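Once you scroll down, you'll see the structures, which are given as structure tokens.
Two complexes come next, and they have one chain in common, chain A, joined by chain B in the first and chain C in the second.
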Partner chain A sequence: MQYVGKNTVVSTKFLEISTQIFLQPVRYTRKPRWLPKAPSKMFRVPIRPQISVEERNELFHLFTNYRTCMKAIYKQMEEELEKSSTGEEVLNEIIQKEEKEWQQCLAINNDWNAEVASDRDERIAKEKEIERQTILENLINSEEEKRKMMEMIEEQVRIEKEKSRYYITEENIDEAIENALNNIVSYNYAIDLNGTKFDGENKSKEADNESPKLTVESIN
Partner chain B sequence: MKVKLIGRASNVSGKTLWEIIGNLRNAGIGRLVTRNSYNRYEEPCFFKVLAVEPTAYIENQTRKVIVHAEKIFRGKLYPEPVEIYSVSYKPDYRLIPKDEEQLWWDRLANCKPRERIVPGLIELPPLMKLLLERDNKDSDIRLPLEIRSNRDNVAQSDLSKLSSYKPIFFKNQQSN
Partner chain C sequence: MRAYRILKKLMPSSGGGDDYEKAKKSIRLARYGCANRPFYHIVVVLQRRDCKAHPIEQLGTYDPMENHNGEKLVSLNLERIKYWMAKKARLSNPVAELLGLSGFLPMHPRTYMTAWRNRQQNKTETQPSETVTN
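Moving on to the complex of A and B:
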């Protein structure tokens, strides 16, 4: 209910008029504040409240007293509030609490560290073992390769040694020249599909006849 | 002529400062002016005009005037002169005639300095006290009352006195 001093009855009457089931405007059932003064009230002079001197003094005293006391109480409460966050006992308590929490955190951290350390040792041991194995394998492989290489080299040396019997040296160069001159080989010939060898033009017919019949087997 | 006042009643009565100052020779420098609303005080309150500056060149401020004056308020001369500008439009001022000037200075000389001693402490409010007692805390606390540091406030706090929450009215009733 709106309370407007003497006009209480009037305002409730207005409310009753405008009250509907779903609509209950509370504000501005009267003239809105921004509208100008009503023409009927234009020249109305409101009567000043007549307050006696004693009453005015009493009210003045009451209000000033109230404000002063409230200020004192506010100040006291503010101090208490400040003490509750910055007092010596409170600070000590906070420090102790923080120390306790810090110790707890340290203990948890140490536990974690120990756990991680054991895991790490295990892992490092495993890795070392794997590394040792790989090194050993590499060593064996390299030995094997070395051995194979040596075998190959020795085989080549053996082949070369065998071949060295047919090398032309200072001693047998005359013999070799003689041999070459005696056995002239001519590659100036052609062969057909049957392996028949056809010598070049310079050769005599006898030589032609004497030439063996080359077959694929004989070539291979 | 009988004057009939219409409209709302006013708290002030008199002339605006410019109405007084503008009609005086040499703009009333050296003259005494008082305000009718200061009549409520027993002690003399008045101004001695030191300098005047018209404000007609300021738009919409033709009713006002800038006056520098020595201010004597409730029997106390302010150490520094004051400037009257924002309240100079109020029809509240009154010129003190030359033959009365000496009287006002005499009143100032014979005026007793104001004294006011108020209680400086107060107990906790009753409910707060009860709450503290319930919690076994120290409830016998005296809260210091602060006095406003106004230029015109002469109140002194007496720390040996306790203020009361009771209104004066009932106090008077009891004494009667």
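Moving on to the complex of A and C:
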């Protein structure tokens, strides 16, 4: 550190004893822009670089030459860069590369397709076999059911045929009426726990006589 | 007072900075040494950015201090330099000089100038000493 103070020469003893010394760090500071020119530099005239005419001409010549060279080089580089992305050879190469990749992809795809096709064929064959079995089963079942149905129907027909012997038809209706009138069956009897019938007097006629009376009364 | 830079983020010095398609770029030296030990990276940066800005890409290094063999070491990524020059990146003078000395571009006139000035200076320095010896 560099210090600016009242006492530039400071003994170590004094440093130990003293409490107040005017110290100001100068490093890392600059004269602010708004301060005027330092009084010591007030009348200083900076020396301009002195370049001879010869040197100036030489430099002019060199720089113009350099600039033209650089222009050409820049242009060349630009063209090269453009060619690297849009040149015929590069494009052809890219196309070939893409074609190659495409072929590879195709081959891989074909392999996959073949694999999948074999798997699918197997699966379809299995499914067909299963379907065939189920259809067969269904056919057998349906035949069985049909047979059962036919049996049932035949049974019913047989029963009906047997019953048909006792049918009352136009031919034997008179006979049936005659028979019914001749054999009157009365169910109007009581029964006890042992099953003995108690035929009372025929009260049905009385009841028949009584009932209209009742109805008349109820109506009136 | 010097305004100290506030570092917002730690950026890789090897590149990855802002790059806009139409913005001007320049290839220049960025000082990455420490006190009394200069060391430079050759970088592409947006031209309006300051010298320590995050570079778009690092293109090489330059060690201006001679090593024990008396060599100043320069490394250049010529392929990328070509690419960036094709993208119209401006060359700063020191970089142009380095590229000229390396034989990648024509000699920069400043090298000639410094050379002949040094020669002249040497002459003026040696002449009085010769007179003294004589």
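Assume the second predicted complex is superposed on the first by the 113 of 220 C-alpha atoms of A that agree within 3 Å, B and C clash if a C-alpha of one lies under 4 Å from a C-alpha of the other, contacts with A are read in each partner's own complex, and residues count from 1 in each chain.
The rule is short, and it goes like this: a residue touches a chain if its C-beta (ideal position, glycine included) is under 8 Å from a C-beta of that chain, and two chains touch if they have at least 3 such contacts.
None of these values were measured; they are calculated from a predicted model.
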Touching partner for A:45 - first (chain B), second (chain C), both, neither: first
Touched partner set for A:62, first chain B, second chain C, both or neither: both
Chain B versus chain C as contact partner of A:158, first or second or both or neither: neither
Partner chain in contact with A:71 - chain B first, chain C second, else both or neither: first
Partner chain in contact with A:30 - chain B first, chain C second, else both or neither: second
Partner chain(s) touched by A:147 [first = chain B, second = chain C, both, neither]: neither
Contacts of A:120 with chain B and chain C, given as first, second, both or neither: neither
First, second, both or neither for A:81, with chain B first and chain C second: second
Residues of chain A contacting chain B in one complex and chain C in the other: 62, 65, 69, 73
Chain B partner contacts - residues on chain A that touch it in the complex: 45-46, 48, 54, 57-58, 61-62, 65, 68-69, 71-73, 75-76
Touching residues (chain side chain B, partner chain A) in the complex: 6-9, 122, 124-125, 128, 141, 143-146, 163, 165, 167-169
Parts of chain A lying in touch with chain C, wherever the complex brings them together: 28-30, 55, 59, 62-63, 65-66, 69-70, 73-74, 77-78, 80-81
In the complex with chain A, residue positions of chain C that touch it: 1-2, 82-83, 85-88, 105-109, 112-113
